[in-house]
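Structure incoming, see below.
Chains here go by letter, A, B, C and D, matching the order in which they are written, and residues are numbered from 1 within each.
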């Protein structure tokens, strides 16, 4: 049985990875790491894991981990992953990186993450881990750049129609709303319950670092220079992203035609559900699942696409495990039902 | 001192009206009505009013109320207000109607509210009670049609720039998010805590009944045929509406220019705050106030306007009292600080 | 492979049962019922089940179901289960009843549920399905009366010390707090988001129908006449019950002694976790799990026990599946990890 | 007109004070302080105050403030207030201290706040600012020690019956639940939305620093040595405290008798409402008000008292203004309606 490790196991994505991997029938979670001096039991830090694992939280030791593990998940902060990934690759250990470090071309990375990239060698080798477009390359990849949460919801919501020339030239508006866990596990006044409960706000309007990721992937897929207007908002919920996408309907498609394109595009996908036309996606239907639900309304002069995911699952850890399942030849749904 | 009544006092807007009017220095709340057989004390129905009022909830008696009250607030359901307003007007009692009954031209009313209008006589007399555009007409009106909650947030967000020809011809996208109290006080599975908490969804995408109200008013103001794409969403919060408005920047304005237009337009308005350019509106800053906060971002090719109100105050009862203050010549902020 | 059915599959417990049973490796969910005329697809009613099941929601047909299913879960309202359970038992189909219908002696049932019991024959045959006290009887039972949510949290919190004579004679105070899903899936103004969010209240203070259930079981277990003071409260959360239990420390036990009793009592239990003495239970650690977490503080003159469960899992559907696992000789954790 | 200042104006109590004082008809808010180097506008820090005040946030300057202000509110952290209060008193400026610094006898202060008290001179002069017991002393006080939030809810819930000998000797259990704003405005992982939403937990079980405050005041009032068992819990709401108080009914009072005692005790109190016997207090009825609502149930062998307040108003800033109103001879309800 393959052994795997979660590097950076105390954030929200790290915890979700541990949760999924402990349920997974085909791999063994052999190691979890975090920066503690005294190797505490993981279940002592997070009591919800009591009776489920006796693993202790080790310090990161690439040498040691690469000897026992075939694959590591990096649930590290941006700009930290790139200092670690290469070392694992050198030892022959496969890497699935959940940070943004391998998602962007160098110049865009510098512009949006305000750092020079430190692992130029591996950027071109990293496969963007969105199975719906890259399943074949994922199979043989040694390093996966796991997509961002917003980009997953937006790219899946646009893929089936964006290659249409007239639509790709439209002004595209993406109004996204995310739960608080997307901001990570940290002490931050702006994320405190007293500030967030009952509140709602936009942020980083049209300057969010996930915007170039969407544009980069959509441009690659279409061969055109796709531009997106993207405004994220902070929802008073823990989990979930719902993106409302507006595309001016220059191709004059009707609702049935748009549905047909989506149904055709995703007909074999295990984790994308095109919702029937009576309903629209809701966060509650995707939270705690690896699904991306998509609904469509064509009214007046716009195509409205609503796309919903759990930001910690299809938007992070669930998708990472889906990628691992593909890399190891497992049933793609294993651990994720 | 003027005496006023709240007709339909048990819904959320009705309760807010009672709350404001009990604090108001220049009027006396003389009567509250609702459909009870036994005239219960208002404070027994809503314990939060204990020690604040000894009023009992009477059945509606136009004859009696019009004798003592100079003005009535109708916080009745749509299609009910129009059966009552005319009777009060005949008796010389001024009316501020919080329902949608006098907001639309007859044909649009029929189309969106699925009823034939029953008071054609008074539709043309009703003044649309948005002080920011109709203050002078409000002063002398006998019947005010109080604006809808979504339209208040959207119209105030567009007014300062919509007369610009190139912008008014743009595709306008309005992505609004509302708290649950906007749906009224009622037993409804879809509004139950177990369904709404942690959830988020869109509804009535581009077919909501408030859309023709926005288009009607904006078209009147501009003299052009304004079309809006409007998608409302249900937020897991009790109060507040935040609308994110996207206008393709065909006039190529920069952020300072757009700010200047807004600051100029609202410079004398007591309840519209154009937020300084470092911040953007948040629900928490307007909830429990009568303010509409507006923020602007001009990035890439779109003008992004964010507008936030408390749906029960500036979006309903607060605005109704603001209208009354104007009609009676009071300080416009009285009761609303 | 055993086939099972969920009778009454559209409430919250019903949905949880469907969710667990679809993941269960050792049984097949063969039928779900509800009162629809047109047999809709279960996944059309609840889109979160799309791609997971193609079952349609049938009307209840005991004859038909008993032919294919070895066991049925009754997730029906109180007073309805007792009209159905007997029919299944006659056909040789095992029954796990999640309602309160078989939990109380006849006289207490009449007093608290205001109905004469209609299935006196099967009351004495029903085994109270709390594995921690009745595992052996559950193995051979044909009808299980699945415990109430509050009683599960309270009984598990008291069992290890209640047999102590001096403690059992103490005044026992139970202050419980439950999420809204405990009230069921229904349209009810008092359960609407606008009323519940930001709110908190007690209800049925010392007169709740779950109180005699606790007293009945604890009296049976101790052979004494145990009386409980029980005040439930409604929390603004969807899921979870946390009970704070106060027992006057007449036996003068210290914290280590009380911990030792709990650890000993539950040492082999798969789903009861006695939390280490640095921490206390929190809802977030048990929600979406079948665990009951218990923490203890002995300070001043009282023993304080805090017990937390997910009301829909260990407090209802999870425990029901745990009971099924025991009845069928499966791994007790199957489907529940 | 009296001028007042808020020292420490950026916490939640500070903001509430500013909000109330800006509405107050009889005083002028002349100064707000906080530790900024650049004296920012208060409304720039907290946009909800835009259009309401042009005050800037000054650094604390006792000399300067005492020249213009007759009274200062200290909304400073515990252990900081005691370094400032004496200086104001020396200048003849009255002080209302919202911290815990003047609430406890020296030895208890040291035990629970882990610091030696630095202003022994003024401890005996400080009047405990609970108007319901100390109105006359408050009138003439120069320094008010404003009660804690939990103690306000608990003391008001016990006062009318605690002098009864048999009850005062009972085991008293207080199970309190507080919203997050009680913990103050700060960056703290345990108070982040992602951790608090959907969660519920107890903390500081029978060791909370507010327990000796309750015992101290109740002992003074009764002349006996009152002991309280006190377990606070953290509610996923922003504002409000609800305390459920259990007193073993050794005096064998019935519900009417207990109600009569409460009604008599509070008959002239403007801000304590004894709820009629059909209802019980709910947070939503007191949040955003200065009321304390109290309800009673006498069932079985215990008297159950439920007491609810807004922790930031009757539990802090509202009560502070009530105290100021008494000190200055204003209408006690002014600013607090």
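Note that contacts are C-beta pairs under 8 Å (C-beta built on N, C-alpha and C of every residue); 3 or more make two chains touch, one makes a residue touch a chain.
Since we're looking at a predicted model, the values are computed, not measured.
When chain centres are defined as mean Cα coordinates, D lies farthest from chain A.
Set side by side, the interfaces A-D and A-B show unequal numbers of C-beta pairs in contact, with more at A-B. Averaged C-alpha coordinates give centres for chain A and chain C that are 36 Å from one another.
Distance between chain centres (mean CA atoms), chain A to chain D: 46 Å.
Remark: chain A and chain B have CA centroids separated by 40 Å (rounded to whole angstrom). Those residues of chain D in touch with two or more other chains are numbered 195, 197-198, 236-238, 281-282, 284.
Chain B makes touch with chain A in their complex at residues 171, 173, 175, 177, 195, 198-203, 205-207, 227, 229, 231, 233, 235-240, 242, 244, 246, 248, 280-284, 287, 297, 299-302, 304, 306.
On the chain D side of its complex with chain B, the touching residues are 22-23, 44, 46-48, 50-52, 197-198, 270, 273, 275-276, 279, 281-282, 284-286, 288-289, 291, 293, 337. In the complex of the two chains, the chain C residues touching chain B come out as 12, 179-181, 183, 185-189, 191-198, 236-238.
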